[in-house]
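Two complexes follow with chain A in common, the first pairing it with chain B and the second with chain C.
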Partner chain A sequence: MADKKFAAYLCKGCGLGERLNINQLAAVATKEGKIPLIKQHDLLCSSEGVALIQGDIDSEQITHLMIAACSKRAKTEAFNFENVAMSRANLREGVIWVRPDTEAAKENTQEMAEDYIRMSCAELKYMNIPAPSQEQGRIPHILVVGGGITGMTSALEAAKAGYHVTLVEKTAALGGMAAQLHRRVAYQSPFKDPQPTGIADLAKQVQSHQKIKVHLNSTVADTSGAPGRFAITIAHESGGTSTENVGAIIQASGFKPYDAQKLTEFSFGKSPDIIDQLGLEALARQANGGPIKRPSDGKEVQKVTFIQCAGQRSQTEGHLPYCSGHCCLTSVKQAMYFKDANPEVDTLILYTDLRMPGFGGENFYRSGQDKGILFTKGQASSVLPNGGDLTVKFKDLILNEEVEDTADLVVLATGMLPNSGIDIEAIPLKVEEKKAGDSASEEPVAASPPETLVPVESVLNLSYRQGKDMPQLIHGFTDSHFICFPYETRRTGIYAAGPVRRPMDISQAMEDATGATMKAIQALENAALGRAAHPRSGDLSFPRFRKEGCTQCKRCTVECPFGAINEDEKTYPVFNEGRCRRCGTCMGACPVRVISFENYSIDTVGQAIKAVNVPDESSEKPRILLLACENDTYPALDMVGMNRIEYSAYVRIIPVRCLGSVNTIWITDALNSGYDGVILMGCQKGDNYQCHFVKGSELAHIRTSKIDDTLKQLNLERERVQTYEIAITDLARIPQIINEMETTIQRIGLSPFKF
Partner chain B sequence: MSQAVEKYRNTFLREVEANVEEGQWVKMCMQCGVCSGSCPLGPHWEHPPQEIFMMIRANKREEVLTSSSMWFCTSCYNCIARCPRELPITHIMHGLAHYAQRQGLAPKELPTAKFAKRFWDNLLKKGRVNELQLGLQLYFMNGLAEGIKTSLKMQKVGLGMLKTKRMDPMEALGGHGCKDIKGLKAALNKAKQIEETKAAKALERLQSKS
Partner chain C sequence: MTNVVATNQTILVVGGGISGMTAALEAAECGKDVILIEKNPSLGGRVAQLYKYFPKMCFPTCGMEINLRRIKSNRRLRILTLTEVTSVTGDTGNYSVTLKLSPRYVNENCTACGACANAVTAEFDNEYNYGLNKRKSAYLPFAMAYPQRYVIDSRIIGTEEASKAKAACPVNAIDLDMQVQELKITVGAIIWATGWKPYDANKIQPYGYDRIPNVITSVEFERMADPLGPTGGKLLRPSDQKEAKNIAFIQCAGSRDRNYLKHCSRMCCTATLKQTTYIREKYGDEGKANIYYIDIRAIDRFEDLYQKVKQDPTVTFIKSKVASITQDKSTGNPILNGVNTEGYQRYSTPYDLVVLAVGMEPSVDFTQLPINITLNESGFIEFDPKNGGQFAAGCASDALDVNRAVQHATASSLRAIQVINKVAGAEA
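This part shows the complex of A and B:
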C-alpha cells in the first residue's frame, strides 16, 4: 500500500472564523493530530476552496484529508474527491450552531471544536481507501420466480429495459391467480365497469419476447452466489435440470387463498351455493356475461349476499388478523357481474369497513352504488342452508338490529396467504442463536413446533447458511418494509414483488413488479461495480476479517441481517461482498474484533473515542459519548443544529453506519478512558422497524442490555450507558436526552476513571 | 305482495327513486353518518337521515313512510353542506315526507304537517301567502281559548307592526293575490298530473315484479 499522506483543511466560513479560534484548532491538528499539511480558508466549499484541496491532492499526492467545516452530510457535492480517504470534523451543525454565542460559553465551545479536530485526525489515521474486491461479475440477466401477473409484468419490464429474463413457473401455464378471473377491477378512467384481465395477451407477450425464456412446470432447486453472479439450478417436472447464471432475482411467488373450510359458521362446503370469491369468478366465467346460475340447481340467482372480511381482520384463532386489501373492490366487481347481466338481481354487500384502495377505487364504489348494489354495514354471524335458499344472519350495525335474510348465493370474501416458502426463523435458527450466547431472546424458545406443521416447499432453495428462503416479518409475509423500502428484502439482490410481501390487488401487484424490476436492475449493476445496494448505495467498502484471530463463534453469520456470510467447512465465516449491505453488524457482533471495513473499523471509531481530551476531575467537566446512527439520528442532529437548539457542550458525537455496527468494546474503551456517560441512538426496532438495516438497532439494544456486567466489573453506575430509539423527527427529544445525561452525571458524580 | 316483505331488496329503493324528490340519490349514501352528526335536531329524531337511508335500502317501506322523523327537518341545510357525497339530504327528507303524505301514511297530528298544510292551502288561494291570515290560523289552530291567549301575548308586537306600517289589517278580509292565479293553478295541476302518472307507473312496475 502506498504511503499515507495527510492534510487538514479548516474552514472559516459560516461564522466558524468568528466563533472559534481557528489558529488554535490548527495548532491542535498539527501538535496532537500530527497532520503535516494544514490550510485555512474563508469558504472551503467555494470553487476556490475546492480547487485548493484538489490542487494539493494532485501536487502533494495527498491520500488522506480532514475537512473541519460542516456536517459530513452537508456540501457533499463540493467535497467529493476521488481516491482519497476523508474525515469531516463537524464544527458547524455539531458545535457553533448548538452553542450559545456568549462570552461565558466560549471556552466550552472551543473545547468541543478542538475535540472534534482530534477525533477526525485520529479517525483519518486508521482509514484506508477501499479497493474493489475481485468478486465482481456482471450478468445482465434476471431470474423471475412465478408466472402470475406480477412475475409476467416483471419479466416484460426487465426485458424491455434490455435484460435477459428467465421466468420459472411451477404450473403448466402462465397467468397465476389472475388467469382464474372473469374480469378485473376497473383500472382505467372512468373506473365504472369491470375490465378484461388481459392475461392471455400478457402471457403471449412474455412467451414471444426473445429476451425472455419461460420454464413451465419448473421450480428453483438451488440458488447460490451473490448479486451479479447468482447460480440457479432449475428443476423441471420431466426430471431434468438446467442451470442459469443471473445477476438478480425477483420473487413473485404470489399467494394462495385462505381455506374457507375453516369457516364453519358460514357452512362453507355444506352447500354448493356458499362459495368464495374465486368460486364466483368460475361461475362468472361460465355465465360469460349472461345471468349467473347457482351451482346447486342451476336457478338464476335473484339475490346474492357478499360477506366481507370472512375469516379476516379477526383475532379469532385460525382467522387472518390482517386485511387482504383487495376484497372490497373484488366484491363490488362481482356484484357488478350480476347487475350488468340483470339489474333486477338484488346484490347485498355486508361489510364492517369498506376500503377502496387505488387510483379509481372510490369511483368504482360510486359506480357500484349507482348500479344499485346494496351496501350494509353489518356483521354476519352465520349462513345456513335452508332447503333451496340460504339463510344469512347478521347484525345491521347502522340500524342496530339482528337480521335474518335469505339469499340464493353467498360469496365469502376470504383473504390471501403469501407463498413465502419456508419460515427460516421459525425453529432451527433460534436454537442456533441460543448456542451463540448473548443474541438469543430472553424468553425460552418454544421447543415443540407450532401445531401441525404442513410441510412447506422452499421457493428459492438458497444455499445460504441462514436458510433456504427469505426471512419473513409478520403473518408469514416476506420481510420488505411497506413504506420506506418496498421490494427490498433481507437478501441482497433478491426482490419480493406482489402479494408475497403484502396483500394487494392486481394494480398494486403490477406496480410492485415494475418497482422490483428497477431494484433488481440497480442491484445487478451496482454489484458489477462492487458497490453496495440500498441503503449505502455506491459504497465500495466491504468487511475484511483477520482469520488468525477468529474463534469460529459464528456470531457474525447468525447476526448478519442479510444472510451475507456463509461458513466454510471449518465454520470460518465466508463473506459475500455482493450480498453485503455494509452496515457493519458483523463488526459490532465480533467478540474478538477481527472484522473491519477499510474506512470504518474498530480502530477508526475506537481511536476517535480515545482522542478526546478528557479533563481531570477537578475541572468538573464531564464527557459524554454519543454514538449516533447516521441514517436517522445524525440527520436529526444536523437539523437540531439548523434549528439552533442548544445542547450540552460536554457531548462528543460519532456517527456510526448502523447501531448494529457498535461493538461493545467502544463502550468499554470510552468508560475506561474516563467518559462519564455513553448514549447510543438508533432507529426504531421490532415489527414496525425503521432500522435501515432491519435488525441492526434491535441487535444493538440486545447487546447493550447486557452491558450491565461490564459496568458492574468497572464498578460504575448502570445509568452511564443508555440506548434509545430515535426517529428523524425527534428534534426536541435528542437535546433533551443529551442534557438529561449531563444532569444524571451531576447526580451520580463524575467517572472515577479520569487520568 | 302477499308474503312477508323481503328484506334488503331494491324494491322500496326503486319506489323512492321513482316518487320522491331527489330520491335517485338515496343509493349513493355511503353511511358515514355526517348528516346525523350535523343535524341540530339529531337527538330528537327517531331515525336520523343516515338511518332513514339505510331503512330504505333494507326495504322497510312502512317504517320509513309512517315515521315522523323527516317531518322534523327544519331545512337548516347543515347536512347538505357537509355530506361528503353531496347528497341533497334536506330535499330528500321533504320529498319523503311529501310522498308519505300522498300515500296517506304520514302520522297524524304532526305540528309541522299541520303548518305545511295551512301554508299550502293559503298559498293556493291567491297565489301568494297571506301572512296575517296564516298567522291567525296558526293562533287558533288548537281552539279558541288558546287562540285568544296567544293573540293577547302577541298584542304588543302586532301593535308595533301596525304603527310602523308593517302590517295591513285589511289583509285579514281577503288580501291581494298574484297576477295570474289561473296560470299558477294550471301549472300546479300539471305538476300533480305528472307526479301521479309517475307514481302509477312505479306501482305498475312493482306489482309486475312481485
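This part shows the complex of A and C:
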C-alpha cells in the first residue's frame, strides 16, 4: 500500500467553537499527534465542509483522516469518504454535551477534548485501509440439505433467482413429511377447505429444473471451506461419493414425529384405532374422499376424538415442553376430512388453547365451526380400548367436570422434533492448554448429557473446530437467538430453514425456505467480495495473525463463536475469512497479541489508551478508561449526550466492536500507565444473551475476573477494574456507573503508577 | 429538488418499519439498488415504539441500532422519509411510481443540536407516545430517530413559532419555503411493507375506551412502561396519575370478533404475557395482572414464556370474553362484567387500570389507492401471482409478530430480487 498521508479536521459547529479552545486542540493534533495537515471549519458536516475534506483527499492524496466533531454514529451521510481510513474524535456527544457549560468546568472539559484528539490521532496512526484477502471465491451454487417441502422450496426459489442448486435427500424420494399428507391446510383465501398438497408437482418442478441437481439416497459426508467456497462431499447409499463446490448452504433437515408409544396413558400401540396425526393422514389417503374406516375392523368411523397437545406443552418427563405450532390447524383440517365426507360424523377436538393465529388460522377455525366440528376445552387423562370402542376420559374445563366418552377413533396430536444433527454444545470440548493464562478457554463447560430425542447423526458433517453441526438454541431447534434477525446464524453462510429452525406449519416453512435462500444468496455474494455478513455487514477488515509469535495455545480457535478458525496439524490457527464475523473475539483471546485487524487492532486501541495525558498525582485528577460495546453501550452514551446528562470529566471512552475483542493487555497497560480505574460495558450475557457475537460479554467478564493476579502484582485494589452488563436503554445507569468509579477512586486513592 | 436515480432494476420498498428496513437491507446487501420510502419523518415504525420484545425481554432499539448501522454503511440504499406512493402503473419489471414528498422544513445541514426545539413553545400531541404526552413543534421524533434530523410541524408554518425556530438554527438548516414535491420513478419491483395500525378501540363500544379514562390500549401501556416514555416508566392511571397496581388485560379486544376484526392478531397474547412482566418489574409481588382470554396463543416456543408467566402467583388467567366495562365513579376504577366460562361464574370486578389488547389491522387501505393488488377480506395483501412484481412484506400481509414479520420480509426481498435478476438477464 502507498504511504499513509494524514490530515485532521476540527469542527467548530454545534457549540464546539464556543465551548472548546479549538486552536489548542489543533496544536495538540500537530505537536503530539504529528498530523501535518490540520484544518478547522465552522460546520464540517455542511456541504462546504465535506467538499473541503474531499478536495484534500483528491488533491493531497490524503489516506488517513481524523474528524474531530460529533459521535461516529452521527452525520454518517456527510462523513462518508471512500478508500480512506477515518477516526472520529467525539467532542460533541462525548464532551460538551455531557459537561456543564460553566467557567469552573472549562479546564476539565478542555482536557477531555484534548485527550480525545490524542486518542484519535493515535488510533489513526495505526489504522490501515482494509483490503480483501486473496481467499475469496464466488460459486453461485447453493447446497440444500433435505428434500421436503422446505428444501424443495429453497431449491426452486434459488433457481428462480438464477443460482445453481444441489439438493441432497437422505431417502429415496423428494417430498418429506408433507408427501405423507392427504391434503394440506389452506394458505390462501378463503381458508375454508383442505387443499391438495401440491407435493408431487413441486417435486416434478425440482427434478426437471435445469439448474437443480438432486441426489436421492444421499447424505452430506463432509463440509469444509467457507461461504463462497464450501467443498461438499456427498455420500451415496450405493457406496460412492461425489464432491460439489457451493457458495452457501441451507439446512432443511426437517423434523421427525414424536414417538407416541411414550404416551401410555393414551394406550398408543394397544389399539390400532388410537393413532397420531400422520396415522390419520394415511387413513384419509386410503379413503380418498370417501368415508374413513377405522383400522381395527374396517368400520366407518362415526365418532372421532382429537386430543390436542398430546405429550406436548407439558413438563412431564419425556414430553415436549413446547408447542409444535401446526397441530391445532392440522386437527381441524383432519376433522374436516370426516365432515366433508359425511357431515353426520361426530368430530370432537379436545384442546386447552386453540392456536390458529393470524388471518388464515382464524378463518380456517371458523370454517371448521361452520362445518360442525365440536370443540371442547378439556384435558384428556386417558384413552382405553373397550371392546371394539375406545373410552376417552377427560376433564371438561368449562363445565368443570370429569367426562367419560366413547369414540371409534382417537387421534393424538403429537409434536415435532427437529432433525438438528449433533448437539455440539453437549459434548465437552477437549482443550489442551499450553500454559495457564488469563483467558477463558481452559474450562470447557461440560453440559449435562442431554436427553437426546434426536438421532445423533450429523446432518452437515462440518470439518469445523467447533463441531460437526450448527449450534442449537433451545429444545434442540437450530434457531437464531434474535427476534429482529431470525437468520442470524452462528455458522456464516449456513442457514437453517423450516421445522428444524423452530416448530412450524407448511406455509410458514415455505416462507422460511424463501427467507433462508435470500440469506444464503447474500452470504455467497458478500463472501465473494470479502465482505462480512451480518451484523457487521460489508466490513472488509479481517483478522490477520503473525505466525512467528503464535504459541499454538488454541484460545482463538476455541473461543471463536462462529467456528471460523480451524487448526492446522501443528495447531496453528487457520482463519477462514468467509466464516468470520469480524467481532475480534480472537484478538481479545490471544495472550501473545498476534491477532489484529487492519483498522482495529491491539495497537489502534492500545495506543489510544496510552496517548491519554495522565496528570501526575499532585493534580488530583484521576483518569478512568471506559471500553464500551459499540452496539449497545456506545449508542446509549450518545443518547446520554443528547439528553445532556452530565458525567465525570475524568473518563475516556473507547468504543470496541464487542467486549469479546478486549484484550487484557489494554487493561494492564492502562493500569501501568497510571489510569485509576477501568470500566468495561457490554451486553447481557447468559442464556438470554444479547451479544450479537454470542459470547463476547461473557468472555470479557471471565477474562476480567482473572485480572486479579495482575492487580495483585501491581498492588492495586480490585475495585479499579469493573465489568458491567449494559442495555441500550440504560441512559440513567451509565452516568451513575461512571460517577461511582470516580467516587471509588476518591475513596481508595489515585493510582501510584503516575509518572 | 430531490433527485432520485431509479431504473427497472431498482427495488422500491414502501414503509420503513422493521419489515421495510429488513426487506430493503437484505436486497441492498445483495448488491441491488433499493429505494426505501417512509411516510413518517423517521424510520423504525411501530417497533421503535416498543419497550421490550417477547419472549427474550430484550430491547428493540438494540436491533434498530444494527439495522441503522447497516443502512448508514450501504451505498446501494436510498432513503426518502415523509414520502408516500400516490400511484403505480405498469407491470412486473417495469413499474412507474408517483411519489409525494412532504416537506420536513429542515435540510441536511441539521446537526440535531436541538436549538430550534428550545426556541419554540407550541406543543402538539406526541405521536410517538400515542398522544399520551406533548412534544414541541420543532422536534426529533424520538431518541434513536433516523435520519437524525429535526422536523418542523407543518401546523406552525406561517406563524411566529416557525420564524423563531428558523432564527434559532445556528447552521441555517431550517427552510420554511419547502414545498410538497411530486416525483415519478421507474422501478422493477415493489415491496409493500406498509405495516399495521392498532384497531380503533373506540369502536368497541361496550369497553368504554372513549368514556372511561382508566381503560387504555396495549400500545399505550407499552409506551408507559418504557423509561423513555411519557411517564418515565411509571404505570400511571390517566384519571388521577396514581400508580396502577391491579391491572386487567382484555385479550382479543376487537379481534376474533365478527363485529370488529374477524382475524386473530396473533401477537396480542404473547404481548400481554410480556406486559405482565412489566408489572412485576415495577412492583414485584405488589402488582397484579389479570388476563381475560379466549385462548392463549403462545405458539411454538413462546409456550416457554406462557409457562413462566403462569407460574407467577401475581398473574391470574380468566377464560372469559368480557361483556362490558363500567366505571366506579367514586374511585375511577373500571369494572369488568362477564362470565368466567371455566365454571360459569358471573363476575363484576374492579381494577385500577384496564388494558385492551387491541388487534392489528393493515395501516393502508389499498382499496382507496390506484394500485392493483389482491387483498383478502381483512385488507391484508395476499400472495397472488397476479400481483406480478409487487410483494407484501411483514404485517401488510397478515397479523405477524416481529420475528415472523422479519422472516416474511426476508422472503419478500428474494422475490423482488428474482424479478430484478430476470430484468437484468442475470445468470449466476
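The working rule: the second predicted complex is superposed on the first by the 716 of 755 C-alpha atoms of A that agree within 3 Å, B and C clash if a C-alpha of one lies under 4 Å from a C-alpha of the other, contacts with A are read in each partner's own complex, and residues count from 1 in each chain.
Here, a residue touches a chain if its C-beta (ideal position, glycine included) is under 8 Å from a C-beta of that chain, and two chains touch if they have at least 3 such contacts.
All values derive from a computational prediction rather than experimental measurement.
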| item | value |
| --- | --- |
| Fit or clash between chain C and chain B when superposed on chain A | clash |
| Comparison of chain B and chain C by chain A residues contacted | C |
| First, second, both or neither for A:A74, with chain B first and chain C second | second |
| Touching partner for A:T406 - first (chain B), second (chain C), both, neither | first |
| First (chain B), second (chain C), both or neither touched by A:K303 | first |
| Which superposed partner A:N715 touches (first chain B, second chain C, both, neither) | neither |
| Partner chain in contact with A:I398 - chain B first, chain C second, else both or neither | both |
| Which superposed partner A:L374 touches (first chain B, second chain C, both, neither) | first |
| Contacts of A:Q261 with chain B and chain C, given as first, second, both or neither | neither |
| First (chain B), second (chain C), both or neither touched by A:L348 | first |
| Stretch of chain C penetrating chain B in the combined three-chain arrangement, among 182-190, 308-316, 344-352 or 398-406 | 344-352 |
| Footprint overlap on chain A, where chain B in one structure and chain C in the other make contact | 354, 366, 377, 398-399 |
| Partner chain A, residues of chain C touching it in the complex | 18, 25-26, 29-31, 47, 53-54, 56-67, 69-70, 72-74, 108-109, 111-114, 143-144, 147-148, 170-171, 226-228, 256, 262-264, 266, 295-304, 307, 319, 341-344, 376-378, 380, 382-384, 398-400, 402-404, 406-408, 410-411, 413-415, 417-418, 421, 426-428 |
| Complex contacts: residues of chain B adjacent to chain A | 6-10, 13, 27-28, 30-31, 50-51, 54-55, 57-58, 209 |
| Chain B partner contacts - residues on chain A that touch it in the complex | 303, 305, 344, 346, 348, 354, 365-366, 369-370, 372, 374-377, 396, 398-399, 403, 405-406 |
| Touching residues on chain A, where the partner in the complex is chain C | 13-15, 43, 45-46, 70, 73-78, 140-141, 157, 160-164, 188-189, 313, 315, 321-325, 351, 353-363, 366, 377, 397-400, 474-475, 477, 479, 482-487, 502-504, 508, 511-512, 514-519, 521-522, 525-526, 534-535, 537-538, 631-632, 635, 639, 642-643, 683-684, 688, 690, 692, 727-729, 731-732 |
